[in-house]
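The structure's right below; bear with me while I get my questions together.
Labels A, B and C are assigned to the chains in the order they are written; within every chain, residues are numbered from 1.
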Amino acid sequence: MTALDVTDLHVSTVDDTPVLRGVSYSIEPGEILALVGESGSGKTTAGLAALGHFRTGLKAVSGSVLASSCGGAPSDVLALPEKQRRALRGRVISYIPQDPALSLNHSLRIGKQIAEVLEVHGYPGSVEDRVRETLTEVGLPSDTEYQRRYPHQLSGGQQQRVGIAMAFAWKPSVVVLDEPTTGLDVTTQALILETVAKLAAEQDTAALYITHDLAVVAQIAHRVAVMYSGEIVESGAARQVLHEPQHSYTRALMAAVPGIEGPVGRSEAEEPDEDVVLRAERIEVSYADTKVLRGVDLAVRRGESVLLLGESGSGKTTLSRSLCGLIEKCTGTVTLDGNPLSASARKRSCEQLRDVQYVFQSPFSSLNPRRTIAESVEVPLRQLTDLDKDQRRKRVAEVLEQVRLDPEYADRLPGGLSGGQRQRAAIARALVTTPKVLVCDEVTSALDVSVQATILELLGELRTELGMSILFVTHNIALARHVADRIAVLREGLIVEQGTVDRVLDAPEHEYTRELLANTPKL
Amino acid sequence: MIRMILRRLLISVLVLLVVSILVFVATLLLPGDPARAILGTQATPERIAALQEHMHLNVPVWQRYFDWLSGVLTGDLGFSTSTQGSVNTLLADRIGASLVLLIASAVISTPIGLVVGTWSAIRAGRTSDHVVSGFSLVIAALPEFVIGVALVVLFSTSVFKLLPSVTLSPPGTPVWERPTQLVLPVLTLVLVVTPYIVRMMRATMIEVLASGSVEMARLKGIPERIVLFRHALPQASGPVAQVIALQLAWLAGGVVVVEFLFRYPGIGAALIDAVNNRDVQVVQAITLLIAGVYVVVNLLADVVGIVTNPRLRTEVAK
Amino acid sequence: MSGGLLRRALGLRQAKIGLTLTGIVVLLAVAGALFGNMITGYQPDDFSGKPFHANGMAGTDGVGRDVLTRFLDGGLDLLGYGLAATAIGVLLGAALGMLAGYTGGWLDGLIMRGSDVLLSIPQLVFALLAIAMIGPKGWLLILVIGITHAPRVARVARQTTVGVIGQDYIKAAQLYGMPRRRILLREVLPNITGPLMVELGLRLTYSIGYVASLSFLGLGIQPPAADWGLMINENRIALVVQPWGVVLPVLAIAVLTVGTNLITDSLAAAAARRTTEES
């Protein structure tokens, strides 16, 4: 019998803009259905609708959501009166949120938060025993002392396990997971995915797994449904959808996913001292008592692209910012073409500032919302060159063309551009002074996968056109073959391994690199 | 946690110390000879000399400050030139009268503000919410004497003649012996303060009700009443304690106009008299007193904020 | 810059009501001061009849001057003082707050602890302290109300500045060697105009309230000048016989402050909406 059956669901905003346009899917007990889509596709709305919940500003128009508890007759969640719908939530259908840090109650002990969901629906057995049991099931300590902790006393991964424990406490027939591993590092992600798969199988729970990450889908899902602007454009068995996509959107999406295999890297001899442009030696940075960087050596050669790989907390952003003079308290030496650079951008010469440029992670934060794109791109020219107004305007137009940004966007504010367009503008700003080295800090992590592909492609083309060097900072090892010649792996403030892309990916020397590779989901 | 509270306490003491310096330095702004400025040009040289002696004007400034401060700290607030008596006796009865006003207004306005604000937030966007918001916006705009005069016109002189428009108690008798004379002053203060509490509570609750943890609680199937009391309200307690404290502290200043308007025998009216008479040490004492109330109330709010926040209350586990 | 914000705010019905109310009172105050005697035939200081008598449209005051004439003449000073105090408070507060937020460190500590001290004395009490020492002078009212606004504005300016300088576009500007003053004026300021405009409106409402309150207490604008706050104080003993001397100025002050507060609230709503749309 089907555990969850959603039929022809239409949802719109309160002013009648359609959000979901006839979404249908069903899940069998024990099955994991992945609902895949990019931002704005409506996947979270479709997931929350399974619980009969619509966020402020949204309303259900038509359709049905049939949920059946084990052995019971199916009931339409949308048609039920509020009280009975509430009785289903947390017991028959449960929800695991994207960000446990925001979703757990910070003034309530975690044991109480799990017990609560059992208590309000009248758990027949001993609540105390069941809380202990679920904590063990998700791999957390179950003692009273641990239960008395507050959410802020747990790590991100542990918080998410508490979320999973709450969802599985009642052994529900359906569980909706909304991007539950976004923001976690790959090792934690692997553990979480394993736990979810195990619990769903053991309890015969139907799981709706909402995600944008196709590699995760390949690892966990039995079936896949692909959403695009409020509709499911393709669905079927995971293997079939991922390997023989039928719909053009799915095909484009699959093509955009960077695979760790990818094209074979440009193998070059590993001779570190050959024509180095930017060299960092013994870089150290500490905040209060913690050493973020503990003596990092890194060299970037002319025309080369180096991938700096690190998980959150590894110090990769601190390192990339130190190179650009944004971290004044860093010690060690940074040299450009053999000339030492000051640790503070303020003390660097205009020429030095022109030669090392930086692209920020989020294009939503790196462009001043009150300046037009052309004005933002012009800033470096105004500050760092002697060009007059006409020359500057000419150069801005030139570089906007280089990043393939339509000239009609030049006079718009960033608010009028998409994320990908904004990132192109941010890249244009960094390129406008024709730098020798471009530092790109996680420049694609705020973007959808299809946009990511176009930005990566652009960076590759620009490197060939302009002959500059790129330091590409990322947490995603799968990007390596698509953007880099060499890899440097940063862990807890130290470079643990360096080498050509092929060598590091095919024959990793350090234990940590091997672990990362093993935990990275593959298609 | 104890360390944070102690730190906060230390800051409060320092702030009060600087306030005392400020209040003292203000007297140096008196034009020319302070004694002459106080007594006027008609005063005889003997009286001026006597006052100079009394105000210790012939000793160095810093010593005058320490003499004054040690007096204040030991409970001697100084000498009132207009009543020719000690500031202590002048204020003794009046502090009680002002506290009655203050406490009555706080006790009435705080619960009303919290309940109406929460109710309005729950019904956000509906007509009843618009009405509450509109009303509080309009009333919040009005200076306290405008509200007071409007109430007098409405309830005591022109429309209904129900309540006394001024305080009738003879000096020396407690004001609460005639409760009707308290109604209009208290009502004025309540009307001035409540809209702020309502607006702040509403804004905070709307934010909290839209938060991820409240959504999660609802998705767990928790009844709305428990969602409100267990998941939403505790999150609002910190910021709301701040606002209430700010409003109560503000009341300490707001009583000045209201007491003047209703000829109410409290410290606010005494302050106005003292300003008119250039009764310097009375002005200093009352200013310091009001600043003290402000600092203490804010300190209490911060302590409430620290104690109710588990993140500050417990150590971060590794 | 803030043009978009104003246009947005004025699209709200509430703002239109607020603007109308404010406009009526401002027009009344300005036109009244210019043409008042042509309408009523009296100068503000002329005696028109017996004290508290029903002579003229709104009667006479306690010394027999025409209430309507004095009412028409009595708003301009209040408006001028209010505007001047607001300007001082917002300019000073915004500058200090931005500096504290952007610089951080000891300067931030100094500015913010300094405002803590000023904040612990209620604004009206602070004004009374100053007036007790120096006397009820016009410039002192403006200065002391302006100065006591400053720490309140500074808090808001600092908080929003800290929010803005966490954004990457500020780091980008630093990366291009932009001098600090330019960063504050060109990168930070345009992004905090919303909250500052809201503060401007709020402080204007309060300034008008404080100037009127001080005059009402007899410690603001001094007799024999015609002033709304002062009129209320002078005429309230005869509230039962001649209410117009109290009711007219009370209404005018109420309509004015309600109007400015409605505009302020619309600005706040518009600024909040702009922020969500831009993210």
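The rule we apply is simple: contacts are C-beta pairs under 8 Å (C-beta built on N, C-alpha and C of every residue); 3 or more make two chains touch, one makes a residue touch a chain.
As the structure is a computational prediction, the values presented were derived from the model and not from experiment.
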Count of contact steps on the shortest path from chain A to chain B: 1
When A-C is set beside B-C, which has more C-beta pairs in contact? B-C
For chain A paired with chain C, centre-to-centre distance based on mean C-alpha positions, whole Å: 48
Rounded Å distance, chain B centre to chain C centre (Cα mean): 21
In their shared complex, at which residues does chain B touch chain C? 11, 14-16, 18-19, 22-23, 26-27, 29-31, 137-138, 140-146, 149-150, 152-153, 157-158, 165, 249-250, 252-254, 256-257, 260-261, 271-272, 274-276, 278, 280, 283, 286-287, 290-291, 294-295, 298
Would you mind writing out the residues of chain B in touch with chain A in their complex? 210-213, 215-223, 226, 230-231, 234-235, 308-311, 314-317
Mind listing the chain C positions that touch chain B in their complex? 113, 116-117, 119-126, 128-134, 205, 208-210, 212-213, 216-219, 229, 232, 236, 239-240, 243, 246-247, 250, 253-254, 257-258, 260-262, 265
For chain A, which residues count as touching chain B in their complex? 48, 51, 53, 55-56, 86-91, 94-95, 97, 99, 102-108, 116-117, 120-121, 149-150, 152-154, 166
Which of the residues in chain C end up touching chain A in this complex? 1, 167-169, 171-178, 187, 190-191, 277-279
